[in-house]
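Once you've had a glance at the structure underneath, I'll fire off some questions.
Chain nomenclature is as follows: A, B, C, D and E, assigned in order of appearance, with residue numbering initiated at 1 for each chain independently.
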Amino acid sequence: MPETALSSATPDAAASAVLEVRDLSAAYGGPDVLSAVTLGVRTGETVAVLGANTAGKTTLLRAISGLIPKARGHIAFEGLALLGRPAHTIPGLGIGHVPEGRHVFPRMTTLDNLMMGAFFHRGAKDIAERLERVFTLFPRLQERQAQLAGSMSGGEQQMVSIGRALMGKPKLLLLDEPSHGLAPIVVDELHGAIGAINRQGVSVLLVEQNAMLALSVAHRGYVLEAGHVVLSGSSQSLSADPGVRRAYLGV
Amino acid sequence: MTAVLQAEGVSVTFGGLKAVDGVSFTLNAGEIVGLIGPNGAGKTTLFNALVGLQPLTSGAVRLGGETISGLKPHKVAAKGMTKTFQNAALFPDMSVLENVTTAALLRHDLKGARIKAERVLDTLGLGPIADADVQDLTFPQKALVEMARALATEPRVLLLDEVMAALTPSEMDEVMKVIRTLRDEGLALLVVEHHMRAIMALCDRLLAVNFGRLLAQGRPSEVAADPQVIEAYLGHGAAGQEGAHA
Amino acid sequence: MTSAPLDRRRAAGVMLAAGAVAFSLFAEPVRAAEDVVVGVIQPLSGPNAQFGIGAQRGTELAAEMINAAGGIKSLGGAKIKLVAADVPTPNTAASTTQRLISQNGVSAVVGAFVSSTTLAASEVTERAQIPLVTFAFADQITGRGYDYIFQVSPKGTVFGEAQFDYATAIAKKAGEKIDKVAILYEDTAYGTAQAKGLRDAAKKAGVEVVLDEAYPLGITDVSPLVNKLRASGAQIAFPVSYLNDSLLIIRALRQQQIDIPVIGGAAGYIIPDFKKGLGDYAEGVLSVAAASGDLIPELAAKYKEKYGSFITHEAIIHAAALDAVAQAMEKAKSSDPQKVRDALATLDTCTGLAKGVPGGCIKFDKTGLNTSAFPVFVQWRGEEPVTVYPPQAAKADPIWRGQTVK
Amino acid sequence: MRTLFTPSRAALLIFFVAAALLPFFVDPRGHLLRVAAMVLLFAAMAQSWNIVGGLANQISLGHAGFFGLGAYTSTLLFLKLGISPWIGMFAGAVVAGGAAVLLSIPTFRLKGHYFALATLAFAEVLRVIANSWADFTGGPVGLSIPFMGSQPAYFAFRAVSSYYWVILGLLAAVCLAFHLLASGALGYRLRAVRENENAAEVAGVNTFRVKLIASVISAALTAICGTVFAQFTFFFDPDSIFSLAGLSVRMAMIAIVGGLGTLGGPILGALFLIPLEETANAFLSSKAAGLSQFVFGVILIAAILIQPRGLMAWWPKPRRRRAEASRPAVAAPAAKGA
Amino acid sequence: MLQALIDGILLGGVYGVIATGLSLVFGVLGVVNFAHAEFLMLGMYVAWFAWRWLGLDPLLGSVLSFVIVFAVGYVVQRTLIERVLKAPPAAQVFLTVGLLIAIENAALMVFGSEFRSVSVPYQVQGYRLGDIFIGAPYLYAFAAAVILAAALWLFLERSWTGRAIRAVAQDAMAATLVGVDTKRTYGLAFGLGVALTAFGGAVILPYITVSPTVGGQFVVLMFTVVVLGGLGSVAGALAGGIMVGVVQSMSTLIFPIQLQNLCLFVIFIAVLALRPQGLIKGA
């Protein structure tokens, strides 16, 4: 597989980069799932990471959140080295992670799920304010705040999961397959929300299998294949690049 | 051509969620059919339903004209259909030969099973590692061993769930060669694979699913060009765009 | 490849060697020349530990007294050396007893308060032909025709019969006619044997048993038991139980304001903790007992001085048991187990600690049962139980429903 | 063909030869021989447990139930009908096997902790029944094997060494049964079930049947151990013969400390634990009540934390690597990591 | 009949609190703690000494039991249990079995074998309503259990630590992603679990004696309660406790008391076989 090191993939200057990943490799005991991945997210940007199943997208996000102890390389968040930090300290730095499969707390109410998002800032006075902001973004959650999250539809659970991450006052939001398994109309709604979050000043790293959808909200994108970055560029250029289609459909 | 496997309106529901929704298709002896669809489309659930690991909510599965839905997996295996697992579910504390022998016991006594297992391993070129611990194997080796184990049950229909995940292109070529040989020997194969390049090159026909429903079926190039399929993979609006490029 | 497996092999070797060393420790018998060795097996851990410890103290005290008085004079003043071992369960009893016999070369074994443990131990002593002198009183202990078992106190059924007969006799003297009684017992060897005695005695006396209920050892809630008792209309309750259930039963009766007399079946009813647990409510409770401190005041005083509480019947009987062994050695002029056994079989003594056994003597019959022993009734008076029945042993008159019975 | 004479087999052979000769070198009536006999008996019990616990990976905490059924069946047959315990031993095995079938039907789907709890309750049920049904079982007083001198036909001997050899034979038989099971067709299937039940099913293994057969064999062998135990100790009562801590846990513990699912594990475990416990009891129990059991508990905790795979994990790894080393180290058809 | 029902409920409330801790530990850590009943025993001893030395009524001493046993539990989790969390069940089962043996015998060495009992005035009092008798210690213990259950509910629902415990139980990864230190939470949950049991042990001290082996009387009972209620379910354990209390009490109306436990075990096996998730679905 040709190694494509693209200079445009690295942020121009460290100062403007909220996230910087360099030469990141990771494995779960077997062969490397990520091999020397280098990419970055600039402040205020939405960046998409595309690729077929098993390309290593989820592993990338998990490594950033400290969930893969054996990750090697370098990850910096606002200049701060992340690798080696205990996973539970990472949200407090300003990174919100919406995991693949949503992972809401099924036997807690919507409200309790959201409150858990504020766990790190549990003393803060602006919790109500933040809650209000989440409810503005997803009015449906306000209606369903007393419902057990496990009993809600997939789309609603996704909103809970995103809302929960937002309650932690993130500067960077990691979104893992938010459209997975959802009906198109819900997907549109979610992506609208992602745009709105980004406009409020939160940088977003978005992992999606649904390439066109991701590129429609992202400024830039990277394409992963078998743990390597094979393509990168602006959303417009990627949308037109037949390489993306090849990475997914093999034709 | 004779239909060896028939699925008729197969549905699987998990507490309200339709993971597989009325899927019907047939599979003929001596053909490789690819099952494609995005993550969570219901491919693995469909496989599990076919071999009896997952009870059907409705529908029926017939193997060689005989209804096998409702049977336990070991009975289904005895009737001639088995599957491999995503991420190679080998028996980790056993050697390669022991893994394959266990499956060969379905139709042979212990001595015969060992001979059968050795033969299967040799066909797949695994003879030299027969005594290795499966935990020490590489990914492609594990995938092949699992295929060997499945073949040792002497199936008529073999369902392969992502055997080529994490393989390099040259490794993939080797595995595809093996799969083609099996087809040429008259086996019917249903293959789930995310490496679309491999799927396109390998399969005689494709079935595309999303949200548990069958979206399209036909020749690989037709299915890949189907707007619904492209949308399922690349998203809303991609079909027109990409179509213009193609 | 080189160092790691070697280390592992070494570690495995070390662990195995530890096992082997442990094993070899049993190879050599340890025995001092002039001492006579007697094994003491008691439950020192587990649920019956409290009774085992009391019993062990009794034997220790007896050994001290015998040694202080000059040891076994016919053996040149040989001192008694006790080898104690913990037998928390019957499963451990056989192996432990065997160890005392072959490693410590004991002349006799004393103990194992708990009946099932004693039964297990006696199988070993019988085959090894070592005398076992015990207080445990399940009927099977002397009922198997064994030659090497000696029981200082009466059988369990005898205790049960006495529990019934003495109580009805006192009630009769107090002018109360008893037609209905209740039997509550723990489903252990001890409880079952004693309940059988109670049942038989009631039948013989023509008294109706309106409640005959076994309950599991370690019962945590006795309310159902007490509910049944209340509904039965019994005039006397005969509970046979260890401590926890005895406290539970007495308290539950008080809570439900049931004031029928409760006649305890030894064990839990006559140890210091009964009083500690119940305080004033212990006052006046009657119980059958194998012995009582007031029958042998000098031993009781020494015990109290040494251990700080009154002497329990298991301590007295085990002390007497050890003394019987000592007297047998004295008589046999030997510490050879076979000779000690023969001397025990023909022992007829009314001196020494035998005075602690009601009847004051030790003389074993063919089965090994002490023929002269009988159970007594004790009644809680202040801090200690006092012997109140039968009249030949009594130190005070019994009190029945607040009335002193002459 | 693999060589017949591996280090493991050599060690096993040496063990059995040494064990068979032991009575000639120690006091035949002594305690050492008795402890040795208990080591062998517990090794046999742990090996029987190992068939279910090790090969099928079902953690049973109720094997005392089968053990007790064996002891009760043979003893009651002898006491009530005069049938020799040699015959009663097999009757006990049949009864226990039947009980295993009855227990398997409701519990075969259960795994891990749930299975452990269900089996624990099973033994407790038997204990309560044996305690309550006094007319038949003798109740809480327990049962005594009558003392009748040396009557080999009725499984009664004078010398400890005779029992010792019987127990050694039993251990050899149980080890042989385990070995045949582990290396035979059933062994393949059992290990497959243990390691991945779904994969075993699609590979054509009838997982329920395989587990059932294993538990019946395991129960029957455990019951035979129960009969031998009863004959050897001459007395048992419900609380001790169905004891959770004294038997069920101990059998499992020996197999686990020695090495779950291995042939040598139960033997190593028994060689290590039983003498250790005896020593602790002999030297510590008269010092402070509870000390010996406390030490025992601490050693158990340490053993689990230091080597959860048991003593056998330290044994030099068997043949397979050797075979591999002697062959050219060939990878799969496609070389890795191109 | 009514009497048996009331007896059962009073008893069952306490069983519920005692078993809740076991269920909580399983729910959060996924470990079945076979040594759980030993912490009940420790709690009883703490309350006994508090009564003896400080003159505290066990109902008040229970707070001390809670605090001290919580600390012990936290240390035990961080030093021992933590190390087998990812180990196979066999290692977990036997680690806690080893713990059971060690704690019981350590208690025997430290506290001695005697049965200890407190004496408080209400021990022999009772209330009478027509034909129904209610023992005062049972009533007070039940009341204490209800108060503790309510406090536990408030803690788990309203406090940040309580929410964190629930979050870890429901999805440990997601909890990490919102900043919960799962390792510390495991320690807290284990400490809390054994402290609940210790509290239960303290409040029954007025009607049960304590000795090093008292745990053994409760161990099977506890497991029955949590299996009936569904392992891991806190609300289920409380309901399961009442159920076990009532079954125990009512069964004696039909069967001999000797067979009380047999009824429980048969129900226990039946529930395991038919509904391993427990009879009660709940949080």
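The rule is short, and it goes like this: a residue touches a chain if its C-beta (ideal position, glycine included) is under 8 Å from a C-beta of that chain, and two chains touch if they have at least 3 such contacts.
Keep in mind that what you see is a predicted model, and the values were worked out from it rather than measured.
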Chains touching both subunit C and subunit E: D
Least step count from subunit B to subunit D, where 1 means the two chains touch: 1
Contacts common to subunit D and subunit E (chain labels): C
Chain whose mean Cα position lies farthest from subunit A: C
Taking each chain's C-alpha mean as its centre, the one farthest from subunit E: B
Chain centre separation (subunit A, subunit D; CA means) in Å: 53
Whole-Å separation of chain centres (CA-atom averages), subunit A against subunit B: 32
Averaged-CA centre spacing for the pair subunit C and subunit A, given as whole angstrom: 74
Rounded Å distance between subunit C and subunit D, as computed from the means of their C-alpha atoms: 35
Residues within subunit D bordering two or more other chains: 128, 131-132, 289-290, 292-293, 336-337
Per-residue overlap in subunit E, given as positions that touch at least 2 other chains: 105, 108, 113, 212, 256, 258, 261
Multi-chain contact residues (two or more partners), subunit A: 31
Touch relationships between chains, expressed as pairs: A-B, A-E, B-D, C-D, C-E, D-E
Partner subunit E, residues of subunit D touching it in the complex: 53, 57, 59, 61, 106-107, 109-110, 112-114, 116-118, 120-122, 124-125, 128-129, 131-132, 245, 249, 252-253, 256, 260, 288-294, 296-301, 304-305, 308
Parts of subunit A lying in touch with subunit B, wherever the complex brings them together: 1, 30-31, 52-54, 177, 179-181, 184, 187-188, 209-214, 216, 226, 239-240, 242, 244-246, 248-251
Touch list for subunit C against partner subunit D, complex: 5, 8-9, 11-12, 15-16, 18-20, 22-23, 25-27, 44-45, 49, 53, 83-86, 88-92, 94-96, 98-99, 101-103, 115-116, 119-120, 122-124, 126-128, 138, 140, 144, 146, 187-189, 191-193, 214, 216-217
Residue ranges of subunit E touching subunit D (in the complex, touch as defined): 26, 32, 80, 83-84, 87-95, 97-109, 112-113, 212, 220, 223-224, 227, 231, 256, 258-259, 261-262, 265-266, 268-270, 272-274, 276
Contact footprint of subunit E on subunit A as seen in their complex: 65, 67, 86-92, 97, 99, 103-108, 112, 115-117, 119-120, 122, 164-165, 167-168
